[in-house]
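Look at the two complexes coming up: chain A is in both, with chain B in one and chain C in the other.
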Partner chain A sequence: MLKVVDETKKAFLTGNETIAWAALAAGADIMFGYPITPQNEVMHYWTRLAPRYGREFLQTEDEISAGFTVCGAVQAGKKAFTATAGPGNVLMQEPFGMAEAMRLPLFAIIQQRGGPSSGTVIYSQQEVALTTYGGNGEGYRIVYSSASHQEIYDYTIKGFNMAWKYRWPTFLLGDGYQAKMREPLEMYDPEEKGIKIEPTYPLVGLPGKIGEDREPQHLCNIYSLEEELYDVVMKLSAEYESIAPEIIEWQEHHCEDADIIILTHGIVSRAADDAVKALRAQGIKAGYFRPITLRPYPAQQLRDAIAKSGAKTLLVAESSYGQFERLTKQEIYGETIKMEHLYMPGVGIIDYDIISKVKSVL
Partner chain B sequence: MITPAVPKSWYLPTKPHKFCPGCGHGIVLKALGEVIDELEIQDQTIFGCDIGCSLLSWDFFACDSTQTHHGRTIPVMVGIKRSRPELITIGYMGDGGGYSIGSQHLLNSAVRNEKVTLILVNNTNYGMTGGQMAPTTLPGQKTETSPYGRDPETTGYPTKGPEFLAEVTSEGAYVARATVSKYKQLKRFLKNALRNQIEGNGFSFVEVLSTCPTNWRTNAQQTWHFLEDEMEPYFPVGELKSPFSKGGDK
Partner chain C sequence: MSLVRVALAGEGGQGVQSVAEILAEAAYNENKQAIYIPNFGLEQRGGVSIAFIQVSDERIGAPKFNKADVVIAMSERAVGRTAGYSDSNTLFVYDDGFNVDAEELPAEAKQIIGLPAVNTANEELHPRVFNVIIMGAVIGLTNMVTFEAAKNALVNKLGHKFENNPDLRELNFKALEIGKRMAEEALREGVAK
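And now, the complex of A and B:
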């Protein structure tokens, strides 16, 4: 396979362009996509770049089809992915559910746009609930919430790897700002950085003569009896819970002596980072905590940060109306820290917004 | 004792199969099994089905098989075929899956000339869910959701799948309608639909008229009467488009 990135180099790219490059570098074989803003340029760059590296693309008739073609391709043993947003993410919950049930290594990029419904094509953090717990199941997913283009590059590569290593549907949760904005990052060949690319393997279309070399594969995701499904779901739960500690990622700083911990994810955590620095300069003991994985959620790590700091207040700031706070509350049930929130659904949050909120609640 | 020949590509641990007595699925799958044997494609065939009665075929063949949601077997098969063109993909579905909930996949895969083989079993109702009206329910036919008979004024006329697919497909596509009452022709059409994929010509589709005595609430004689005297005049049997014969096989 032709090398995508010969040597580590600086680049100045949009987030969507970064995803296309990272997917190539991760060895993705085929993308299935359907147009929806703000993820379109993932397809635009992929369709321009992929033929140079012998990779494939299909524009499907809708997002349902894009998701299910990915399910088919990964069953055939190919590294396949898709990208979507908003109402497209709603439609893709159906194939995402199939991937959860059948342990398919599906990888999808979600560039959040405003909601409900068509909302805006621009930006939000309103697809947290849908991406972590969408579908008619229990939310057996891995969801990375990126905050910079470097992370988009890193976690796209990692997303493919985690999907194929653990065989849960895996998501990179970005947003329209990250999709469209241009910023510097370092592009690299993952294997030269010592990152092992997980091998792919097929579930159907296996080598060998059926009846002589092997048995036929019969994959299904429907069961006749309640007890059969119960056993399946309990096994899925146990396996998901057992690998969750290996997957959980988070960032924190200045929590040791914080009076208030600012809890954010995704691009809002950049505003939180700036806010903490500014508040500290003003003598206010603010701390920073950010889940990188929203699913599984770094609940124990957040509990530990609250405990070691002795902070009196946890301020949740998000570009949605409480989706992230609700997710957090269910994860840290029983904590008695006072919770405050800054909800700015569908609009960006800057350091000033957080600083003002902190001052109003302290 | 003479036992009927069982196709080599049938998966014997799951036989006898799970379809209702008098259901046509068994005949379609017998013909398909014989064709898979004759074409010697068992080892590279991927059989896909969705939910509905066709679901009961998920472990029917000694071929690699996969099952998905209602109407979605087409994109799953397309995903497999696009990523592994050397595999032979067979999507197996009912009329609800193909003509209703999955109709966008059927239409667009046909337009794109996807090199998959799709077999759609038309029994004029949703069998698995208890006999509701389907896109193929005949005018006046009583079902659970058209208890006074299907009224074309309010629910339109039955979908003629092969006819619309013949219109939207390009050169190389194969489109036919068969019936379980004409076994040799059914087998020939299924073979052509698979040959067409093997040769890489294009999209291949066979609708098969079939029987559902359970939901039609018919005895053997009434069942056959409905198939031959009600369905077949409405849904003409034959090849509508074929790279193998210029005028088609009527």
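And now, the complex of A and C:
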């Protein structure tokens, strides 16, 4: 395979362009997609770049089909992915659910836009609930919420790897700002950095006679009996829970002595980081906690941060109306820390917003 | 260099986003941290287009901001649309040929600057380099990138056009220089007042 990034180099790109490069560097074979703002340029850049490296693209008739063609391609052993947003993410819940049921190594990029419905084409963090627990299942998903173009590059590569290593559908949750803004990052060849690229393999059409040479490959998303499904779901749950500790990622700083912990994810955590610096400079003991994986959620890590700090207040700031706070509450049930929130659905949050909120609740 | 925040606004087709992209690219090429984000919506044309640029030596936080160090309104409609980005630390720039009611100008600004950019472009250069005059003005007001870096970034972006028509290179460089000087003079006058 033709090398995509010969040597580590700096680049100044949009987030969507970064995804296309990272997918190439990760060895993705094919993208299936259907246009929707703000992810369109993932497709644009991919279609421009992919032929140079012998990779492929198919535009499907809608998002349902884009999701299912990814489900099909990964069963054929192809490293396949898609990208969508907003109503497209809603439509893809059906194939995402299939990927959960059949343990398919599907990888999808979600660039959140405003909702409900078509909302705006611009920005939000309103696809948290949908991306973590969407579909008629139990949320067997790995969801990375990125905050910079470097992370977009890193976690796109990692996302493919985790999908193929653990065989759960895996998501990079970005947003319209990250999609469209330009900022510097470092592009690298993953193997040069010592990152092992997980091998792909076909899940169907395997050699050998069933019953003699091998067990049947049972990729199933429908069962005749309630009890059958019960057994499957209990097994899936146990498997998901057992690997969760290996997958969980988070960032924290200044929590040791914090009076208030600011909890954010994704791009809002950049504003939180600045806010903590500014508040500390003013003598206010603020701490920073950010789940990188929203699913599985770093629940124990957040509980530990609350315990060691003795903080009185947990401030949740998000560009949605409580989706992230609800996700957090179910994960840290029983904690008695006072919770405050800054909900700014569909609009950006800057350090000033968080600083003002902190001062109003302390 | 500490953080510099610039909001550029104008009509679709005026080259607002191109100028912002070239400036951000120039800053990046000087090893600065830079973020550029366009506002984007459903309208492909006909609306006021805004570009948000931030340049710093240190890691930059949120991609958008509420108040800018410099706001440049490149059209009459853009004046009212961007007045809200101005506070007592902001240099608010518009064209002195615009027909703008006083109440559309920002209530708060460090200095409100009217530049003869449209007129200069039309009379002395070419209407199409109006946006490059504005780019020069951003540099004159902020020093967010060096003049050389801006020239190089222009060449990167427009090099193929310059090759086809070498006069364009000189025209653009001249526009950049005039814009920078225009802004520097306005700043000096502002201090003198």
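Before moving on, here are some points about what is shown:
Operating definition for what follows: the second predicted complex is superposed on the first by the 349 of 362 C-alpha atoms of A that agree within 3 Å, B and C clash if a C-alpha of one lies under 4 Å from a C-alpha of the other, contacts with A are read in each partner's own complex, and residues count from 1 in each chain.
Definition applied: contacts are C-beta pairs under 8 Å (C-beta built on N, C-alpha and C of every residue); 3 or more make two chains touch, one makes a residue touch a chain.
Source: prediction; values computed, not measured.
With chain A as the common reference, chain B sits beside chain C without any clash.
By the touch criterion defined above, A:I64 lies against chain B but remains apart from chain C after alignment on the C-alpha atoms of chain A. Of the two partner chains placed around the shared chain by superposition, chain B is the only one that A:D29 touches, whereas chain C remains out of contact. Of the two partner chains placed by the overlay, only chain C lies in contact with A:I349; chain B stays clear of it.
Between chain B and chain C, B contacts the larger number of chain A residues.
When the two complexes are overlaid on their common chain A, residue A:V121 makes contact with chain C while staying clear of chain B. Using the contact criterion defined above for the overlaid structures, shared-chain residue A:G77 touches chain B, although it does not reach chain C. When the two structures are aligned on the shared chain, A:L225 is found in touch with neither chain B nor chain C. Contact with chain C, but none with chain B, is seen for A:A271 once the two complexes are overlaid on the shared chain. Of all Cα pairs linking chain B with chain C in the superposition, the shortest spans 26 Å.
Note: no residue of chain A belongs to the chain B contact set and to the chain C contact set alike, using the contact criterion stated above. For chain A in complex with chain C, the residues that touch the partner chain are 12, 37-38, 120-122, 176-177, 180-184, 267-268, 270-271, 273-274, 348-352. Within the complex formed with chain A, the residues of chain C that make contact are 21, 24-25, 28, 33-42, 60-66. Of all residues in chain B, those touching chain A in their complex are 11, 42-44, 46, 48, 51, 55, 58-59, 61-69, 72, 74-84, 87, 104-105, 107-109. Taken together, the chain A residues at the contact with chain B in this complex read 29-30, 32, 56, 58, 60-62, 64-78, 80, 94-95, 98, 202-206, 208-211, 216-222.
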